[in-house]
Amino acid sequence: MSDATADEMMTVAASRALRPDDVCFVGIGAPSAACNLARLTHAPDITLIYESGTIGTAPNVLPLSIGDGELCDTAVTTVSVPEMFRYWLQGGRVSVGFLAAAQLDRFGNINTTVIGDYHNPKVRLPGGGGAPEIASSCGEIFITMKQNPRGMVNKIEFYTSFGHGDGGDAREKLGIATKGPTLLVTDLATWKPDAVTKEFTVTSLHPGVAREQVQDTCGWPVAFAEDANETPAPTALELNTLRDLKARTKAAHSGTAG
Amino acid sequence: MGKVVSLRDAVEANLSDGDVVAFEGFTHLIPHAAAHEAIRQGRRGLTLIRMTPDIIYDQMIGMGMAKKVVFSYAGNPGVGLLRRLRDAVENAWPAPLEIEEHSHAAMANAYEAGAAGLPMAVFRGYRGAGLADVNPNIKTVDCPFTGERLAAVPSVRPDVTFIHAQKANKKGDVLIEGIVGIQKEAVLAAGRAVVTVEEVVDNFDDVHPNACVLPNWTMTAICVVPGGAHPSYAHGYYGRDNASYLEWDEVSADRDRFSAWMKTNVLAASASDFVDRASSFRSAS
Amino acid sequence: MGKVVSLRDAVEANLSDGDVVAFEGFTHLIPHAAAHEAIRQGRRGLTLIRMTPDIIYDQMIGMGMAKKVVFSYAGNPGVGLLRRLRDAVENAWPAPLEIEEHSHAAMANAYEAGAAGLPMAVFRGYRGAGLADVNPNIKTVDCPFTGERLAAVPSVRPDVTFIHAQKANKKGDVLIEGIVGIQKEAVLAAGRAVVTVEEVVDNFDDVHPNACVLPNWTMTAICVVPGGAHPSYAHGYYGRDNASYLEWDEVSADRDRFSAWMKTNVLAASASDFVDRASSFRSAS
Amino acid sequence: MSDATADEMMTVAASRALRPDDVCFVGIGAPSAACNLARLTHAPDITLIYESGTIGTAPNVLPLSIGDGELCDTAVTTVSVPEMFRYWLQGGRVSVGFLAAAQLDRFGNINTTVIGDYHNPKVRLPGGGGAPEIASSCGEIFITMKQNPRGMVNKIEFYTSFGHGDGGDAREKLGIATKGPTLLVTDLATWKPDAVTKEFTVTSLHPGVAREQVQDTCGWPVAFAEDANETPAPTALELNTLRDLKARTKAAHSGTAG
């Protein structure tokens, strides 16, 4: 299936990282597509949790927000928001937190709060929502975003959620016992943190992508793993499932039913 | 059901200038009609609390009603940024806006603590997060058993909370179903609570024993406002009007267009307009 | 439903000598069958946790299985005292019994904190209460915002929790309805959880979206034991056998009578006996 | 209705103290009978809460335990036990806590924990259950018990729940903002705390009861209010309602249905 778009490749590559028995806290947007693609392909029993309180949800179409009715209708159970954050997230029951990033650095720290000074911002972004504690309470964190040099920056302007800080054992120093970011999937490549420095390192390039493209769209000097290879192209099943999901989603959301 | 009053009367009696107020709803059941009534009544100097301030707080802020907003995620759900809130924070238009920003976990715990009558919430949070450096209301407490340092935030105790719910029964008890969000806590944490509902039914005999029901004595006033959550949705009644959320992104991008829209759709409108607004999103059943 | 196993296997695999264990239930849904299986397997040195230790802990204590009990109300509900527990505390028969005693509020908060992954629970409690003087696990925390001194207790984190519930579906999710007590927290706070259920149904499609459902991945094992709560009751299945609670008051009053009763009704019995025991308390419907 | 028993008089007198808009946390036994009698007579809209999580319950028969199914079947809603103690009791939403006492002193302190030394008890009682926080979180506390000199003692052996301590402003000193015990109804008399000392003082004697009887069955020197009068006898409605309730209860609990 060589006709996959970069966006589709990103979603497919991200979906593959999810294991069938994962309990996944799903961020909206690209993470949601990847998580549901995993559920509809190799991980039918994966548990998807949205911060609105829906546990074990299996939406037929992608939700537009973290609280769409579809999420509740198809969930194993829907709990209150305090219970969600206390028993399920803080309780340590979530194996993977899947986040999108507006601004990201090489250590997986994310900024979705402000551009410029916090108290006198150039651009006021929406803020962290669940991300600060998703980043520290989930077993590990997957991140997905489209590459662009203003998004992937040398130094983020605000630590909305903590990744590996300035690298190394920064998490342990803060008393955070979870793994933090273990995977970054962009539209061009798959990245994993270096075992020691924790700097994101390209481990595979998506089909047809050159190293220069990755570097040109990234604000820091990109490290490539010695054994970096090519991401397997989407299979027919993956691509068809994703396209069907997107088509169903578009049809549902352009209609008037909610 | 002595507590059933018109929305106008309920807002007039329960919301005053300078109040700390929460209009809560978590994507689902957002109390749009109540917020619009508050806008029509022109309240000023409000401290607006909400985990997910969205269109209604964008509108109130744009109308200059807020002096402060306490929140954890300020976005137009599924669409993008809140342009009136941005304009207030970045450009002080139409007035400066103080912000107190938390994470969802902190706000959820703070509402929970408010409902529980506690002065603070204690949780494991904010580790490595920048908010802890810029928000003086984020402190710590040490566990006397393990020594672990935990985060602490003040509990949320609004003067008044407004929510929208599916239904009341004739005794005035209120049922919330589906994505119940933080609404029960927001009501129990508040000094006063006003609930708009889709309808009043005879009784809740067919309701699950463990459903989220607020007894009548926990609420100050109940207002029957069918469609009162539009363009948000009411599980079992009508779906989300996604086009309106997209439209808001355009309306709110421009100050004049915003002002004109508010005049037509809020200032010159009334609570009874919500029936029609929601009607085309009602499911066939 | 790979997790459905026999009660014997579930207890054998999940309860070891020396474990910290909670058999929870709040008058309703008390896991009698699971407790009797634990007695038959002769576990020793257990730390028994429960808000309301009643007949089953009286039995375990009388059989010498417990080294410690953590509790907030030790009574035979609706009847009176627990005579085997008294005999252990007052006379060290059949063995000395260490006690850690709390209030209900403390235990409820401690389970809640355990489910929430916290090391301690903070609440407003124990003011003027004698327990604060005799239980070293009651400490205080000062609110960094108001200065108020609040009570703190360690969270409850059992090695294993046993509960009884109404039903599982074919995926292994479990439904608890009616008086849900502390069971959800007891399961989520524990390292392992074993649930006995009245029956397995195809799905929970007819269940309220906000009902108390435990997803299959929160439990270690599920055992189908109809009647497994007898002489306690299972809302929607069978009523409480009040006569058995009264009978226990007499049985437990005498060491020999107790031992004989345990031999006949527990040691020589099996989980399948509970079907008959509960049958006459089933409602006609 | 002069044929009321002392026990009936106690229940009726206790029930009268409850107001129609009270939210009452109900202890089992005598408090439960009094609270339900109030509901079935002058306070039909009173909210009765049992610590098992049942809010606004209206049982047709008296429960044997605080968690009978009847309480849930007839409740406005049934919540979890942590929610009960956090949102409803500690949240300050309960106006009256109604407790029974095994051992009581003149200041409304209650012992249901031990007779003798705590660590080496002569008699181990059930313990406090909800009482310690009911005593401090409810707006005020009503107590009901049958008089006997071993129950109403000069000094209790353990402060299971705190009343007025050693009297006066003991509650304020501990930072307790609620009123504490404001009423004691026994089978012989109605008592209220003195405005200053907080010592329970007899404010009315039940019909036919002499002061000596009250003193003979009480372990401390009894104070009688100057204006102590006679408790109005049960009305026909009160007595019939109570007897019907007890009869229904007996019939239900001697059967096999639960």
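Descriptive notes on the structure:
The first chain written gets the first letter, and so on, giving A, B, C and D; residue counts start at 1 in each chain.
Here is the rule we go by: a residue touches a chain if its C-beta (ideal position, glycine included) is under 8 Å from a C-beta of that chain, and two chains touch if they have at least 3 such contacts.
Here the structure is a predicted model, which means the values were calculated and not measured.
If you take subunit B and subunit D together, the chains in touch with both are C. Considering every other chain in turn, the ones in contact with both subunit A and subunit B prove to be C. Comparing the chain pairs A-C and C-D, the larger number of C-beta pairs in contact belongs to C-D. Our note on geometry: subunit A versus subunit C, Cα centroid distance of 40 Å, whole angstroms. With centres taken as mean Cα positions, subunit D sits 57 Å from subunit A. Between the Cα centres of subunit C and subunit D there is a gap of 28 Å. Annotation for subunit B: residues 112, 116-118, 123-124, 148, 178, 180, 184-185, 209-212, 235 touch two or more other chains. Multi-chain contact residues of subunit A (touching two or more other chains) are listed as 72, 78-79, 86, 90, 137. If you draw each protein chain as a dot and join the dots that touch, the picture is not a line, a loop, a star, or fully joined; it has some other shape. Contacting chain pairs (ordered by label): A-B, A-C, B-C, B-D, C-D. Those residues of subunit C that touch subunit D in the complex are listed here as 26-28, 51-52, 71-75, 77-78, 81-82, 85-86, 89-90, 101, 103-105, 108-109, 111-112, 123-131, 134, 148-149, 178-182, 184-185, 212, 233, 235, 238-242, 245, 280-281, 283.
Touching subunit C in their complex are the following residues of subunit B: 116-120, 122-124, 137, 139-141, 143-146, 148, 150, 152, 154, 177-178, 180, 207-212, 235. Note for the complex: subunit A touches subunit B at residues 28, 51-54, 63-69, 71-72, 78-82, 84-86, 89-90, 113, 118-119, 121-133, 135-137, 158-162, 165, 170-171, 174-176, 253, 256-258. Those residues of subunit B lying in contact with subunit D across their complex are 112, 115-118, 173, 184-185, 188, 204, 209-213, 215, 217-218.
Of all the residues in subunit A, the ones that touch subunit C in their complex are 21, 23, 47, 55-56, 72-73, 75-79, 86-87, 90-93, 137.
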